[in-house]
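Per-chain numbering from 1; labels A, B, C and D assigned in written order.
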Amino acid sequence: MTRLNEQAGHHALLDFHLEYIQFVNEDSEWVAERPSFATDEWLLKAYEYMVLSRVFDQKAVALQRTGQLGTFPSALGQEAFSVAVGLELQSADVFVPYYRDHGTHLLRGGDNAMSNLLLYWGGDESGSSYGPVQDFPVCVPIATQITHAAGAAAALKIKGSDQLVMVTIGDGGTSKGDFFESLNVAGVWQLPLVILVNNNQYAISVSRDKQCGAQTLAQKAIGAGVQGIQVDGNDVLAVSQAINEARTRANEHKGATLIEAITYRLGDHTTADDASRYRSAQEVKEAWLKEPIKRLQTLLNNLNLWDSDKEKTLQASSTNLVEEQVDIYLKTPTASAQSMFDHLYRDWPDVMNEQLDMLADKLERN
Amino acid sequence: MTRLNEQAGHHALLDFHLEYIQFVNEDSEWVAERPSFATDEWLLKAYEYMVLSRVFDQKAVALQRTGQLGTFPSALGQEAFSVAVGLELQSADVFVPYYRDHGTHLLRGGDNAMSNLLLYWGGDESGSSYGPVQDFPVCVPIATQITHAAGAAAALKIKGSDQLVMVTIGDGGTSKGDFFESLNVAGVWQLPLVILVNNNQYAISVSRDKQCGAQTLAQKAIGAGVQGIQVDGNDVLAVSQAINEARTRANEHKGATLIEAITYRLGDHTTADDASRYRSAQEVKEAWLKEPIKRLQTLLNNLNLWDSDKEKTLQASSTNLVEEQVDIYLKTPTASAQSMFDHLYRDWPDVMNEQLDMLADKLERN
Amino acid sequence: MSQAIIENSATDDISEGVLLDAVNLALHYEMAVDESVVVLGEDVATNGGVFRATVGLKDKFGFKRVMDTPLAEALISGMAVGMATQGLKPVCEIQFMGFIFPAFEHLFCHAARMRNRTRGRMSCPMVLRAPYGGGIHAPEHHSESTEALIAHIPGIRVVVPSSPARAYGLLLAAIRDPDPVVFLEPKRIYRTSQQPINNNGAALPLDTCFTLREGTDISLISWGACIPDALMAAETLQQQNISAEVIDVATIKPLDMRTILSSVVTTGRCVIIHEAARSFGVGAEISAQVSEKCFLNLLAPVQRVTGFDTHMPYFKNENYYLPNSEDIVAAALETFKE
Amino acid sequence: MSQAIIENSATDDISEGVLLDAVNLALHYEMAVDESVVVLGEDVATNGGVFRATVGLKDKFGFKRVMDTPLAEALISGMAVGMATQGLKPVCEIQFMGFIFPAFEHLFCHAARMRNRTRGRMSCPMVLRAPYGGGIHAPEHHSESTEALIAHIPGIRVVVPSSPARAYGLLLAAIRDPDPVVFLEPKRIYRTSQQPINNNGAALPLDTCFTLREGTDISLISWGACIPDALMAAETLQQQNISAEVIDVATIKPLDMRTILSSVVTTGRCVIIHEAARSFGVGAEISAQVSEKCFLNLLAPVQRVTGFDTHMPYFKNENYYLPNSEDIVAAALETFKE
């Protein structure tokens, strides 16, 4: 930073301040007073979904390894983040996901959230036909979802709705133009938008320090006149607290919030990746010490809310739930070839009938 | 800004500080000690080029009005900004302009800078064939030049050069993805890059407050881990000082600098625009009170460096220079039709010969 | 000629206007009858658009529905996607087609796919308007016509009007269409000719070509700003006793080849005219299909009259680049040579 | 067949490899002999590329010349423009062609025009590499082939290799070319077949098609991943005593129609095969020119075997979308029907 140097014509102009939220540290100790929203019930629900998310995740990876699923992005280690998002979303909010939000979908996507996710990653469009009608499907082109979220937030504002748009994005995604353009419009239009960065330290092989020269990603908010905050993304309470504050701010028409959640991608980028090529086993080992599920489990233990029996039961019921869903997935018939045209336009243009004939010929042939 | 609220899990994280540079205020008073670079000679040179720039500008607008030039973007009122850039550029630096840098081109583009500018705005590509071989041509697609500048700066770094890349951009340009992506890479790669924002308060009709919700554009630097500073863009000394500091920083391998220069676009956006549709006469009148040429003239008067005779002589010689250049422009023959193919590829692909035949046929016909 | 009938049908609110007026009228009409229509873009609100296409909208419908965006084309198209999925019908403006490229990712990866990828759960009824083409002595990047790029992408419609009345009816249709439409406005004919515009809210069909002039000897196929040249060429040919049919493609994607093929089957000769670079242009698809499907009917090779495979020269030389009616006549006559 | 000769000429450094190896070898070769060559993109340095195309480069040439960029495709292409004008020869990677759209503005508005707009003062010798096409069971947006969009833009070259040896020679040519080249790597055949690659630094010509198999009865025209299918179809046709010539277009822009036309003049029949959507695809231009210029030689309408005018289905159904050798054979036989 420039030091003030009045000899050289410098005058002080502005100061900015950035904060960090953490309630429970990596040793499962309270570093702030337990917030009122974090009732026993709430903590247990968060834990259950985090565990379910992990069980699902492991199963999906296994399915890929055995050729029963396509490329899959594990969310291992980021369960607190996505479960907090799921817990804080209200039913009429608009959720705009990226592709690593399995935990959120479990809370958001109804009974068949898992089988639908598997359909999507199994190469079947029908996986995205589920869920709240206003929610966006999984978004693959990095950072584009944030612009849709800004547009959706503008729509809410135009319609006079009090709901929020919540959008997730990776640390890598914060380097792409869409991120900044959308943050900027969120600032100038005071949009009811919450941007949640899952800063899991990597964009495939590119580490966070190669992605951005700033100390935090939260400070990107400053340039847009938006509220920015960093939170411990392995502390489910911290993520929830930040979202709740963001909702209050939006409801008071004070605009958008950027939340940077510090997490760590414990697994490979996707099943197509081998992270051992670009990061050390030591680094991963250290990251495991901070992971969210163990941390919350210990907290629950300390609060006398948990024991090994309960854990066993939860693991078993989670596995059952996942297996049921896998079964539905595996039994879902693949759509017909012709279905590739079903939703191209709402009103099928007759002038395209030749395409149907060509496909029919091809099917006859092959 | 969040107020620190430890009950709610908040912890202080970071603070940022932003400064402003001004030496000479709108009443031509020193508000800081006169810097050593601003010798009498330097001040006179700056003044002469600012006046020449304005005379050129007025002539170009007149040429457009009489059908002798295409659409032209006047730089009226922004002469201190572009002349400071011209003064501080070193010959081996790379200059990456936008389209409103006439003052810089006068200092940078050699004897025929003006006629070349007129050729460009007169619809003739040859206008961009001039100038230092490493400098970029006028850039029309907003903000794209900044990414080229980042690439050029990376090239300098790779080649081990000590020079700088200086790029200009408008306030509107700071909303486009390219601006942020380039600022971001400048931060993470510590590029020898100086980004100069001509914040003239408007992007065509869109005022600065509709473009960005932040108090300053300089603070966009914070999110990229880059040095940011705001300067009085009507104070030629302030702009120069900021550039000099940026050069020092780059030479010390401390990376890039974002300089926001506060100016005002006294004229229409271009000759195709009518600014009276979207801003008040009163606002423009007030802006005239801060304009850079009068301010510097008064300063020179106060320093006993200037009088009305000198002014008369300067106006006359500037007009002469401009008229000579207009003459060259008007007498430059238009390139042949075939020239549209001359620089498509360096090595003309024989497989494209049909195109030449088609053009020959057309010319015969029409 | 159905569109001629529509254009001339008697109604209450007929006024003379140029193409630009028609665009403005259609926007006013649809914003008044459909609350979900919103307009966004650079300089569209306070300034009424750099070409004045959106003038008056902000005063009538307010800043809530007429939005000056920050300067970012990716943002404009991406926000339109976001709005369209939430029940609005955004009509966004890209100031010149030369600046459309940052809008492509959202247009191609999302607008065009949202319905398909969600199996109909979500849709993207948005219009992206852009003034396009050369011929108005504008600076570099202000004369592009790259409709072929958009037409190649499945799931989008690409529409180009060529008269005030068609601009009015086609823009209404575009806004009402439940899927994304790119609406390209040929600025060379923004103000060149007046026509009665019936402000009765009647849309014209998309997915159909308009036969502007019937003829028996040769088919001239074009769209947008080249249509007046094609019509002029047809006049010239008439003086040589050649009867030319002139077809305005109007909706480039999806392409109504039926009208074109049935014309060429009759005439046996075909000239396609467009201003964009020749290679891989829209003319290639039409020429290919005409040759593939009228193999036995064609009396001469299809001719294409197009821009060159180079950049639109700066304006001093732009006329060397642009096709004109002489070029069309020459190509037509070529098809009558042995 | 000139390229066959080049491929088989005896030299020192021959190794077996797949297409991906050839890309890697060519990059290694040229970076070693030309200091100005630099590589940039997402995951290209530490990780050696998600397909491993750039593996080893960072270790050999260091981070200074092999750069992991932040995640931003506009940035990658725009920085390449900036580097190219300053005497470097950037070879940048877009991770999948489905993510190329943000790179278009810099590619189309600047890389393609820098030489022209400065009348030769400045140039843009850059290569933009991208894995492209479907068939590897990848997620959405990982199977695009939109070469037609780039081919329409003047001032760029578009090159697609279809074998390891051609990948090696064409990539060297692309890097050495003084103008921007988009080099599209068909990932369906990234690892499908081995071939001896002669790492002798010999470039292949751009602007020329390669005749991979001579024939007298029909011309099969294709490029990239469809070439093996075309060759297989030629085999099948041979069994029916139909002699098919197979032409690998290789350089799509500028397009060497001479080779194609002289083939069709001989055979009188033509099938064009590509994987991209049919309408406004590269096949349209070739079909149009073949019909326009072989009007009297064509014995049957040109056939196009292509992807459909819809989005590449998610991978469970992608095979319904992709053309295969049966489709090619069927189209070829169609040209022999009365």
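As a working rule, a contact is a pair of C-beta atoms (placed from the backbone, for glycine too) under 8 Å apart; a residue touches a chain by one contact, two chains touch by 3 or more.
These numbers were taken from a predicted model, which means no experiment stands behind them.
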Inset, instruction - By the contact definition above, name the pair with the higher C-beta contact count: B-C or B-D. - result: B-D
Legend entry - Per Cα centroids, the chain farthest from chain D: B
Legend entry - Centre-of-Cα separation between chain D and chain A, whole angstrom: 36
Inset, instruction - Provide the C-alpha centroid distance between chain A and chain C, rounded to the nearest whole angstrom. - result: 40
Inset, instruction - Enumerate the residues of chain A that touch no fewer than two other chains. - result: 125, 141, 175-178, 181, 184, 188, 210-212, 344, 352
Inset, instruction - Provide the list of chain D residues touching at least two other chains, using ranges where the numbers run on. - result: 70, 72, 74-75, 98, 102, 105, 109, 116-117, 140-141, 154-155, 254-255, 308-311
Inset, instruction - Could you please specify the touching residues of chain D with respect to chain A in the complex? - result: 42-43, 46-48, 50, 68, 70-75, 98-99, 102, 137-142, 278, 308-311, 313-318, 320-321, 324, 326-327, 330
Legend entry - Interfacial residue positions of chain C with respect to chain D in the complex: 74, 98, 101-102, 104-105, 108-109, 112-113, 116-117, 140-141, 146, 148-149, 151-155, 253-255, 276-277, 279-285, 287-288, 291-293, 295, 298, 300-304, 308-311
Legend entry - Parts of chain C lying in touch with chain A, wherever the complex brings them together: 38, 64-65, 67, 69-70, 72, 74-75, 78-88, 90, 102, 105-106, 109-110, 114-123, 154-155, 157, 178-179, 207, 254-258
Inset, instruction - Note which residues of chain A are touching chain D in the complex, please. - result: 70-71, 120-125, 140-143, 172-173, 175-177, 203-206, 210-212, 272-273, 277-278, 334-335, 337, 339-341, 344, 352, 355, 358-359, 361-363, 365-366
Inset, instruction - Write out the stretch or stretches of chain B touching chain D in their complex. - result: 94, 96, 125-126, 128-131, 133-134, 136-137, 141, 144, 147-156, 158-159, 177-178, 181-182, 184-185, 188, 342-347, 349-352
